[in-house]
Amino acid sequence: MLNYALRRIFMACLLALFVSFLTYALIFTAGDPAAAIAGSASTAADAENIRQIYGFDDPLIVQYLRWVGNVLQGDLGNSLYFRQPVSEIILSRFAVTAQVGIFALIFAMLIAVPLGVAAGRWPNSLIDRGALFIAVVGQAVPSFWFALLLIIVFSITFPILPSSGLGTWRHYVLPVLVLGYFSMPAIMRLTRSGMISALETDYIRTARAMGLSERRVLFDYALRNAALPLISLSSAQFGFMLAGSVVVESVFAIPGAGRLAWESIGRADLPTVQALVLCFSLFYVLLTLLADMLNAALDPRMRMK
Amino acid sequence: MLLNVQNLNVMIPTQGGPLHAVQDVSFSVSKGETLCIVGESGCGKSVTALSLLGLLPKSAKRSASRMTFDGQDMITMSDKQIRALRGNRLSMIFQEPMTALNPLHTLGRQLTDVYMAHRRGNREAARQRAVYLLERVGIAKAAERLGQYPHELSGGLRQRVVIAMALMCEPELIVADEPTTALDVTIQAELLRLLAELQKSMGLGMIMITHDLGLVSRIADRVVVMYAGQVIENALAKELFENPKHPYTRALLGSVPDPSHPRMQPLPSIPGTVPSLVQKMEGCHFRDRCAFASEECRVPIPLVGVGAEHVARCIKTGAQAPNARSTAP
Amino acid sequence: MTDIVASTPPAQDRAARRMRRPRWMGHAGLIIGLAILLTCLLMALFAPLVAPHDPYAQDLLSRFAPPVWHEGGSWNHVLGADHLGRDYLSRLLYGAQISLIIGIGTAIVSGIIGTTIGIAAGYFGGKVDSIAMFFITARLAMPVILIALAVVALFGSSLTVVMLTLGLLLWDRFALVTRASTIQLRSQEFVTAAQIQGASTLQIVRHEILPNLLNNLLIVATLEMAQAIVLEAALSFLGLGVPAPLPSWGLMISEGKASILFEPWLITIPGIALFLLVLGTNLLGDGLRDITTPQGRN
């Protein structure tokens, strides 16, 4: 178990390093940070000056290593727009995004898991086909459009919910709805197929042959087994959800990391964009690492290894 | 009579059409008696076992003219009533010990769950019962084992746990569906001795589903031979081995070299293939492989008495083999 | 016993029907999906012939003209006109071109990348496989929308940039699926036979592996196409996809957002088109999977 954990953590670190290099290379070679820093009113000489001060004419790998060194010391660079350290800006923004994301994940699971259990318990029943229909339709609705539709219905036609900002719990309803529905189909489908294969196993037949109640068979024996893959999926979904918060936060004007990223891209604030991409990636790596650890801890067969 | 089954039919819908897996099967078991149901794989013996406990797949249709457990009608029983019987008064042991236990729960948890499902007792009483039974089925350090998970045990040990699980609530009847087939030969013998011993000392009724005639000759009080969904012969064990009537039974016994010391081995090969049960077949199901078959075998054949408590589904029970294949003693 | 027997035939019938139903549903989905996709394809191909107006022609008198079923709507602008008075139906028809180009183009680019990685991983196994899996995991860790936004912002927005960016970002499913299938195929007899006969790796891949992957590739391609279409719309909606005045459906929704209070149909109409196209593509993919795999959607 310890061995597995160490190997897994090592892989996660390697992954983080690789992903950060890719994004660094992509963004810093594509854009001209010197010109961005100098601003639009600058001359070519100004940009050249800045290039030398910041070391932008060093080889990419040197720049990258310098950047990683700074990041490891908690220095993500300075925002070109806010004129202050990026690390100070993005922390509170990430808190907002994570908060909305957690609510959305809980909401998605509250709907999708029971639906998946019911669909898996009674395959091809009315409830199964209803759930499948919702999943198929849900997957096809673009989230930004869904967000606008909700605004049209709940903020304009029947003005009961606010359409932008974050203040009261009412502000959370629509963003959580949009973000949550996005991962519902995947969770529902996996729960369903997990339940179906769990209910076909010999140990469920044994449990039934021993006269255990249907509730115990379904929720304690079958769902527990079906839930193991669900952990990995929901953590991945949570990661995708956070990355997808760009769209939702821009529609609902939520002051989160996604909206900041969108605005920073528009302002060519490369250090901020770079830091945000890194944080989103690291968050995903961390999430999948945690999910693997949790899986290993919950599955006695893995615990032994 | 503990269990009485008359004219049990099971139909399972398949892509090709309805599969008549069990056709008009009748038998009964008394307290303390061991009934063996013998047949090749696919003859409907496992489906028969599952239908007794109401564990058939949902799409399957079961019907019977009579099905009673200790006088209670099992046909009209609600799901709740049948569940109260299962694992409590009527228990089952399955073929595949490697997958029969939940991988995510400790053995103790799974054993006590059975007890708690039927008794109003507390966990501690259940635990004591589990420790007692694990020791009884020959597992050392039983109390420590309760904290272990199935994957930490060998197949033989797991099957012992399954047996203990089936005994948690002191059942009156145990259905064992080829409980040793998946295990090593040496472990098979040990487990069978254990099962026979438990059955005697606890006075259990037992239905043993098997294709192993050696096993049958050692433990059966009564034998039901099934072929292609039907009972083709039903007799007391001694009578069946000494005086088999149906050509199929005779062929089976004929390939056991010495029926008094039969080796454990799968059913012998008899030329030809078992007919598909998807189309309902008129007449004798064995006729395509039978050395005695004639045109008369094309009409439905009833089970007829051929001796004391001995029935066979054949109209040629008196006929002698045209060749040397029949070596029945 | 008689009453039990009597009740058996209808039950049998019901049970048998229940077994057939999922397949049938798969086919229905397939047909609906195919129909929607074909309609879109025809719309895109014949947009210049069918469109009643020039999609870029501005007409100040027709600004915010409502669709024909609204009060004040006219047959001149069946689906109304936008804030610049451009005919909405014509823009919708031309918009299908953009969605389909992006969808198909992205599926091809990501398909080539993903299939190459997946086959290499599955065929060679060992270190190659470990490295490929590392790449796939790394790809999954990268926030797609964010990176696509950044890249489009840096390289400038154009149809090609969006298509290539999405293609470079969406190859993971192709890689995973081809890898799994190749691992299965690798141990099959006909591959072993080809190896024994001295066929080169490239020949084996081209003649033995690839043809057997086609089904799966087609299924993944439809799903990726749907995803690419949604992502392009989202990027354009955020202002960093294809540039105005191209009639991208995402861009149309974005432009309609300003009129959300009084002209909500500017948002709903292109949204419905987008939803239907994605739904159709997904249905086609699901249907293909249902009819090519024996166990269907389980």
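Labels A, B and C are assigned to the chains in the order they are written; within every chain, residues are numbered from 1.
Everything that follows uses one rule, which is that a contact is a pair of C-beta atoms (placed from the backbone, for glycine too) under 8 Å apart; a residue touches a chain by one contact, two chains touch by 3 or more.
None of these values were measured; they are calculated from a predicted model.
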| item | value |
| --- | --- |
| Label of the chain whose CA centroid is most distant from the centroid of chain C | B |
| Chain pair showing more contacts of the two, A-C and A-B | A-C |
| CA centroid of chain A to CA centroid of chain B, Å | 53 |
| Interchain centroid distance [CA atoms averaged], chain A/chain C, Å | 22 |
| Chain C, residues touching no fewer than two other chains | 18 |
| Contacting residues of chain A [partner chain C, same complex] | 11, 14-16, 18-19, 22-23, 26-27, 30-31, 123-124, 129, 132, 136-137, 139-145, 148-149, 151-152, 156, 193, 196-197, 236, 239, 242-244, 246-247, 250, 258, 261-262, 265-266, 268, 273, 276-277, 280-281, 284-285, 288 |
| Sites on chain B touched by chain A in the complex | 53, 55, 79, 83-88, 91-92, 94, 96, 99-105, 110, 113-114, 117-118, 149, 151-152, 162, 165-166, 168 |
| Complex contact set, residues of chain A against chain B | 201-203, 205-214, 216, 221, 224-225, 298-301, 304 |
| Chain C to chain A touching residues, read off their complex | 18, 21-22, 25, 29, 134, 137-138, 140-147, 149-151, 153-155, 226, 230, 233-234, 237-240, 250, 253, 257, 260-261, 264, 267-268, 271, 274-276, 278-279, 282-283, 286, 297-298 |
